[in-house]
């Protein structure tokens, strides 16, 4: 009986921090579904399709994973996929607070689904999609934060 | 000489966390004025009148309280009502930081008015109006976070 | 019917931070009982009697207060004194965590007793009895952290 | 191929917080080894054998678990048991910091072993073995924090 | 060979907290370049020129400093000015997290530039440009948070 | 006129985290005095002389530094050495709180001496002398946390 876990996020764009976490999760669970949220609170920089495509490209060598788009409640999505775990990364304090709040909210909506937290490598722990987008738009070389495919798409997007 | 305390907030919408705090405050002070801010920094989801009405409905069985709208500075409002205490809830760390900052700012504006902090029950400590609005808009059942009257108004609002 | 509040602590020794809080509490409550714990987890530097005497001396001009020794559970002591509030100061984050933990433990032991948190002046917010004792033992002038009576007793104690 | 996880701790004594976490872990992993540290930094209140016995008694109805004593490095113990996950609970901020520090230290000692963090129920999140021991020694009724078997042993231990 | 440090910020508007930090930095470094960001993520309340003018006026008596506008990446600006230090203030926890994240991002972009953190006086540690703007727009007297020149400009801006 | 900075600590023992910070400080200041506290609150594992010797050995290739023993107040020591800066590392949140508290205490004792905070590399940010001592005493290979000379001394110390 395979056990699945969902790793939900906006992945706007995927960073080395996300990839680090996906690799760790794929070592623990039989299958990890990396789920790109199409309904995000903030307007994303990349479209849902761009985010999906970059994520697939960036994780093509990781086994036991599936990359998909989801909308609606993450717990509904987990139920539909027979997954009983949500995976989240622990990065920083303020992050941690928000993550706990979200995990407790999800647990109250469905107590059979557990949120588990993994820790990225310390060299990836501070990487923030938001800061990367700011830095890239000011011309910074972001190749130490995101995979090559993301660097390329950024360049094209910022040119246009 | 009765002592009044003000519990200011945006209450967008009122949650079980707010009600928990209002009950605790009503056991300590002779009168608690629950004050709905009409001038909020962020655009509220509910109108000031909706927020007032839901708050009144949700707290109708609590003694020693008064529910009102206020605009302008909260310390001016406290002075007008002869209240020397502001009440705030302590929920989480990031929250706590912001609350301290606001309390110290208010104290410098009027040093005779004291901010006191109460702790909600742990089962209400993580409830966030923001997360509830997100969850409700995605179709979640939010009846374990907010009173029945709020559930109803949400349904009507989201239908339209 | 007067409302009492308990401000419990080890006061080893009383600092300007404690006095700040006692003054604020005395403006809110009809009576504040400042309660010196005789059974402390860590071995105190000053005896219970010394801590009581210094606290009394340092607060002699504050109205509406009573300074006493207590042992046993603070909630038992509150019940015996018909007090329904415990007062605690909010200083720093790590402090805050411990305080919340203790307040929730006390609430579960007696849910009729509420812990309320007050904020000292920012100029007193960082004062720590522990650091003061370390500094004094190394010869520092601690007169900007503690009242004159404490400075004197420290000098005598360190001489002997 | 079954996957095992280790939940190490001093369990001095086991609380409802620990039991909460063990239940959650047993729903995720094929086997959870609850490992009582015999070499603790602080002198424990209960002996290793008492801690083991209470833990076994308190978890006798939870499936998929094994309760054992271990000494030495937790990562050595994990290797010997073919376990690739360590389980830890996330309770509070200061806790969280220490936990991250320990997890990163363990990861550097053996990068094949992953620490995963679970969140107890909010009603168990603030329970602290240290505060319980303090409260019990002052005569508090601790039956809402620890299982009945622990209450009994405490009573006997405090009598003698 | 003089050593320069950059103190970058949006200064929207300059507060006593910023001035406090600039004074401290000017006592440590041979030259401090106070750099007003023209490309801010959030829409500023004051124009870049207003922010520059107020900052110059407010710091005219501080030696060893230069006030300038910059755009683009702060590390590029530091390189152009032969400055190997960025100065940032430490105020509060959530602040601290963001600052660490930004500092580590900047370090990865240019490892020769070091971010150093200074602590404002405790009486200035909680001052927030955001809260001041809110308070001023509601009619508060903000003269204990910002220099006189800022008070005046605010009055004129809010009248119009 | 050379500017000196003091980096005080117990260095029990020196770790890669300390060395990281000393290197950064030596790039900013004309001279850095690394000062080993002989009067520590907790009983150190290594003697003052051992700590000094290991620190000297571990930093022998870093320019612009001096390694010394000090006792008494660090601000007295700074005054005697004409140093107007104390250097401290920022590692984690709980750390940060304590560091701010100590820095504000030192500032009140001597307002002419400024504490500045530097950030170690993320790969060194979590290294803790306390955890290393625990791990080493349980037989762990600590060579990725401390320099070779410390590894050797540990081995000899633990054998005896």
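Just so it is clear, A, B, C, D, E and F label the chains in written order, and each chain counts residues from 1 on its own.
In this section, contacts are C-beta pairs under 8 Å (C-beta built on N, C-alpha and C of every residue); 3 or more make two chains touch, one makes a residue touch a chain.
Given the structure is predicted, the values throughout are model-derived calculations rather than measurements.
Listing every chain that touches subunit A and subunit B alike gives D, E. Minimum number of contact steps separating subunit B from subunit F: 2. Using CA-based centroids throughout, the chain positioned farthest away from subunit E is D. Ranking C-E and A-D by contacting C-beta pairs places A-D first.
Comparing the residue numbers each copy contributes, subunit B and subunit E share less than half of them at their mutual interface. Seen from the Cα centre of subunit C, the chain whose own Cα centre is farthest off is A.
For the copy pair subunit D and subunit F, the superposing rotation over Cα atoms measures out at 120 degrees to the nearest 5.
The geometric centre of subunit A is 38 Å away from that of subunit F, both derived from CA atoms.
Subunit C and subunit D have Cα centroids lying 34 Å from one another. Under the contact definition stated at the top, the residues of subunit E that touch 2 or more other chains are 93-94, 100, 104, 122, 126.
Here the chains touching each other pair up as A-B, A-D, A-E, A-F, B-C, B-D, B-E, C-D, C-E, C-F, D-F, E-F. The touching residues of subunit C, when paired with subunit D in their complex, are 39, 41, 72-73, 76, 93-94, 97-98, 100-102, 104-105, 108-109.
On the side of subunit D, the complex with subunit C involves touching residues 92-95, 126-128, 131-132, 134-135, 138-141, 144-145. Residues of subunit F touching subunit E in their complex: 3, 24, 27-28, 84-85, 90, 93, 96, 100, 103-104, 107, 114-119, 122.
Interface of subunit A with subunit F (complex): residues 93, 122-123, 125-126.
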